[in-house]
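Below is one structure, written out as structure tokens; the observations come after it.
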Amino acid sequence: MASSENEPIMWFKEKVTPWDIYAHAIDCVLAQQKTAYQEMYIVESGSYGKGLILDGRWQSSTADEFLYHEALVHPAAICHGEPRKVLVLGGGEGATIREVLRWKTVEKIVMVDIDGEVVTACRQYLPEMHQNAFDDPRLELIIGDALKFLDSASQEWDIIISDLSEPVESGPSFQLFTKEFFAKIQRVLMPNGFFVLQAGALLPIQLTLHARLARTLNSVFDNVQSYHSYIPTFGTPWGFLLGSALSIDPRPDPEVTDKLLAEKTSGGLRMFDGTTMLGIFQQAAHIRKAIEEETEVYTISKPPQLSQGLLGGR
Amino acid sequence: MASSENEPIMWFKEKVTPWDIYAHAIDCVLAQQKTAYQEMYIVESGSYGKGLILDGRWQSSTADEFLYHEALVHPAAICHGEPRKVLVLGGGEGATIREVLRWKTVEKIVMVDIDGEVVTACRQYLPEMHQNAFDDPRLELIIGDALKFLDSASQEWDIIISDLSEPVESGPSFQLFTKEFFAKIQRVLMPNGFFVLQAGALLPIQLTLHARLARTLNSVFDNVQSYHSYIPTFGTPWGFLLGSALSIDPRPDPEVTDKLLAEKTSGGLRMFDGTTMLGIFQQAAHIRKAIEEETEVYTISKPPQLSQGLLGGR
Amino acid sequence: MASSENEPIMWFKEKVTPWDIYAHAIDCVLAQQKTAYQEMYIVESGSYGKGLILDGRWQSSTADEFLYHEALVHPAAICHGEPRKVLVLGGGEGATIREVLRWKTVEKIVMVDIDGEVVTACRQYLPEMHQNAFDDPRLELIIGDALKFLDSASQEWDIIISDLSEPVESGPSFQLFTKEFFAKIQRVLMPNGFFVLQAGALLPIQLTLHARLARTLNSVFDNVQSYHSYIPTFGTPWGFLLGSALSIDPRPDPEVTDKLLAEKTSGGLRMFDGTTMLGIFQQAAHIRKAIEEETEVYTISKPPQLSQGLLGGR
Amino acid sequence: MASSENEPIMWFKEKVTPWDIYAHAIDCVLAQQKTAYQEMYIVESGSYGKGLILDGRWQSSTADEFLYHEALVHPAAICHGEPRKVLVLGGGEGATIREVLRWKTVEKIVMVDIDGEVVTACRQYLPEMHQNAFDDPRLELIIGDALKFLDSASQEWDIIISDLSEPVESGPSFQLFTKEFFAKIQRVLMPNGFFVLQAGALLPIQLTLHARLARTLNSVFDNVQSYHSYIPTFGTPWGFLLGSALSIDPRPDPEVTDKLLAEKTSGGLRMFDGTTMLGIFQQAAHIRKAIEEETEVYTISKPPQLSQGLLGGR
């Protein structure tokens, strides 16, 4: 049967919404595994380099993961100014800890990921992402349940980063986006600490998850800053939420940020600096409005239910 | 043959890159026409409302066009402060002039669009977009060539807005993204005027077009500000460029913007306000770097050639 | 956003199985309607001419419907030899009655289709299919329920043709593929009459529907012949079943068939003749085996349930 | 990003025509290799078992390859009646030689395949296809050029089977579908021998390749029989051509065939028997007409050019 050989033939399809599919051509599958928790692929994509896919959702790609991981880690670190102890929940690729390790002030990182098989595969197949961060002596890697870890942890963390995959019902991180979970976080966070989580897509037709997560976080932390980054492989802008007992400057001075970065980090950032931080903290009016008007809070008894229609009303 | 009836069956596919396809489910085709210049579809999409598609490329959708059109129009107007005469090139949907008409200071708009068939279809099928802007007595609609119009125009415009579709080689706006064209713009722009154009995707693998357009604009206007908005139906963040003989504040004070908007416009904005303007002017570091390092300028003899590989190296 | 203009952008996708999608490029949508019974599209396709799609399933295309409609009608007519009264159930496109009308012996056709809106649209948009068959004075068109018609009909039919769409649960023809229905057919069929129905795909991974329909038909008619035709727009070979109280020659002599066709029809056939009839009656060994080994019969209380896994085991 | 986990995410797309895509869900990629001649994938598909894909075209799947390989091999063997020496060109999966080896009369098979890397991969990953045929002492496997082999071969072959992939211009078998090549075949075929080749799709919009191959074969062999089989993973019916100096019975008696099969083969056939052979030899009228009306012959100077429009006019 005839076919143009120049066209890609192997494609990964992701439903961004039930009516929108983003498909990426794949050069080859580097690893494929049904772990105890999820279905994992590590692939070489046509335009975004290597990618990690869990349960059918693109988690990250080497060509643009910097847009996600730099945005996830550095705002919290800048707000704190002197992070020494950092707790990372999830983040199997090792790119989140890579960014944390840029901070020369950091003395100890604990990374807790439930899926050791994913971590092992990422260490083997995604060196571009972790850049040997797993070998840093400051890191303690714990394969285990974030909830259990938090229950036995003590209050010592300057920064806690939730880099958990989306709260899809059947996924492993389903209950880690609730008020109860955020309260556990607060218990082990230092009084001057900062908690940050990746917090869902910012499509105009799909703002409910982010807005409710903002409200939920605000039910635990007095101060919450919503911000964003653009992740092309996701096909959508992405939201983040920063919470703290301390107030958070909504218009952080770029020069101050740049000075802190120069002094306290080892450099190497690609998307993040003072100007970027000022920019990503300025959410557009419709996103701020969605957060302001949201009234519901996610709890263990009423957690996010992506499969039941958060993706837009219709 | 069996098929799940709940799944959409009619899809529009757009190649964002040769290795990435964004497909949108379509409920119905409202209009379809091969005009003298391009192939036009107006469709009802599954998740983004009505959409206009020209030569296979999504131009705008009712669900998120505000993210494009508000970002296109208002920064230039805010920079100017008192726009009275505005020239719009392209913008067949009528949403660009809708945004311009929010400015109570505006006395005269001329909109020049080459494709009268597209304008007619948009007037009929996309009232959500134009919101009767075509009936405003301040508007003069000219169906014709932007180049010819500029050649016979006089220097009177406070703001000129280029809302032209992408410079694909076979499309109608191929040469309107060159130094020579920008010079024609400059000739008819008031000394304190501002020129703005939509200026391509901001994918990290695809920054060349935007960066060269920035350089090209800077070869004509002393001051150029690159900024962005995220358009979900495009699947990518989108770039804009603002040029002027006057300097442009890279960190516009949100309160000043909000005061201007309150005084001089009739309101109704959804994404744009002072905070948004501050945010979208802060391009991330890798985008600023791409612009700084770019050296080439588009000219009539060396125009953009999207089909020849601007979409990323590989 | 860039896209190759030469590539089709509008596609209809049909799931042939949950793991196999057949997608056809569409030039334009000629008609689209949610009727009282089903969702209908009439489209101009890229390679198969005009197509009728009901509830997401391709019913027929002008480029290859002759492979379906000639195969559906003429074997029964040849077996009978002198059909005068023909009853057609379904067949909204008018192509089935077109084939019946080629028989000069035919004095009366009644076509019963439940969906008048589909018939009306086909008459308007698919003249290539019906070729004015609806205007033939021998035809009586009844918009109504096949079941009700059969209950009040008398035994007079030489041939009864079931051209009903697939027995998908939510579709209108769900119960018309059962033993009880076939018994109603038998009651109104002349003792020397022939009943034929379209009877599902013949994929090796998907033979259950055809095999059970064969068994079901055989529980009512002493003699059953399974045969096939290849319908490219379906992406699969297609099965038919012929039932009668009379015996059916499994190796019909091509010369006899050709002589009958020459004498009794007005000609114009494209795929069907004596050689073709001999060929399509010879089912391959694996299909005969599936029918022989099948033991279940569809009844009103246990009808076909395509959505529950008939499409192949896995 | 949310996505239904139940839906397949990895897909292989094949363009059957420029306007028709057949996509198969893939469970995993077993092997992927850029050989010296072509790009090879061996995959586990969602519904058709394991599949071999060369240069983007599905070659065979474990779930339905019997429909191809039995149809390719046995008609020629039946026509001959007592095949002792068989030459197979191509057929890397080993399924063609598996079928040849069912004939107890066979004393010697030579299989010539140009791509040793594909053969090695098939031996390793597709045991369901070759069923250890490569280990049979009657087989001599030659990795090399079919043309060169023929030039130095002597006239001894009872059956020659061309199981070469489609004559796409950039593929390895481009010139093996010409009059000159068929003449080389004839030179080494016994006077009572039979030559058979797989000969393209039989879509009504795409009959040119098959019809011209039939004419080309007929310019070398006095007697040519066109026949077909339906291969679901191809999405189309498939054509074969049988050529000989001896006449070929167009309506082979099923009982005679079945008797030969019972006496001379070791059994195990799934689709092929006397009835099947009678059926697949009866091409439908439109296919016979296309062959009769065809006048062109493929030569070295005017070979098949699939990429230049054989796929249908439009």
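A few points about this structure:
Each chain carries a letter (A, B, C and D) given by its place in the written order, and its residues are counted from 1.
Just so it is clear, a residue touches a chain if its C-beta (ideal position, glycine included) is under 8 Å from a C-beta of that chain, and two chains touch if they have at least 3 such contacts.
Values in this document were obtained by computation on a predicted structure and should not be read as measured data.
Looking at chain A and chain D, not one chain touches each of them.
Separation of chain B from chain D in touch steps, taking the shortest path, is 2. Interface of chain A with chain B: the two copies contact each other largely through the same residue positions, with over half of all numbers used appearing on both sides.
If each chain is reduced to the centroid of its CA atoms, chain A and chain B end up 31 Å from each other.
Averaged Cα coordinates give chain B a centre that lies 51 Å from the centre of chain C. Those residues of chain B in touch with two or more other chains are numbered 8, 11, 17, 23, 235-236.
Every pair of chains in contact is given here: A-B, A-D, B-C, C-D. Interface residues of chain C facing chain B in the complex, by the touch rule stated above, are 1-5, 7-16, 23, 26, 28-29, 32, 39, 41, 53, 55-58, 166, 168, 170, 201, 234-236, 306-307, 310-311.
Of all the residues in chain D, the ones that touch chain C in their complex are 8, 11, 17-25, 45-48, 63-64, 66-67, 202-205, 229-230, 232, 235-237, 251, 254, 269-273, 275-276, 278-286, 288, 312, 314.
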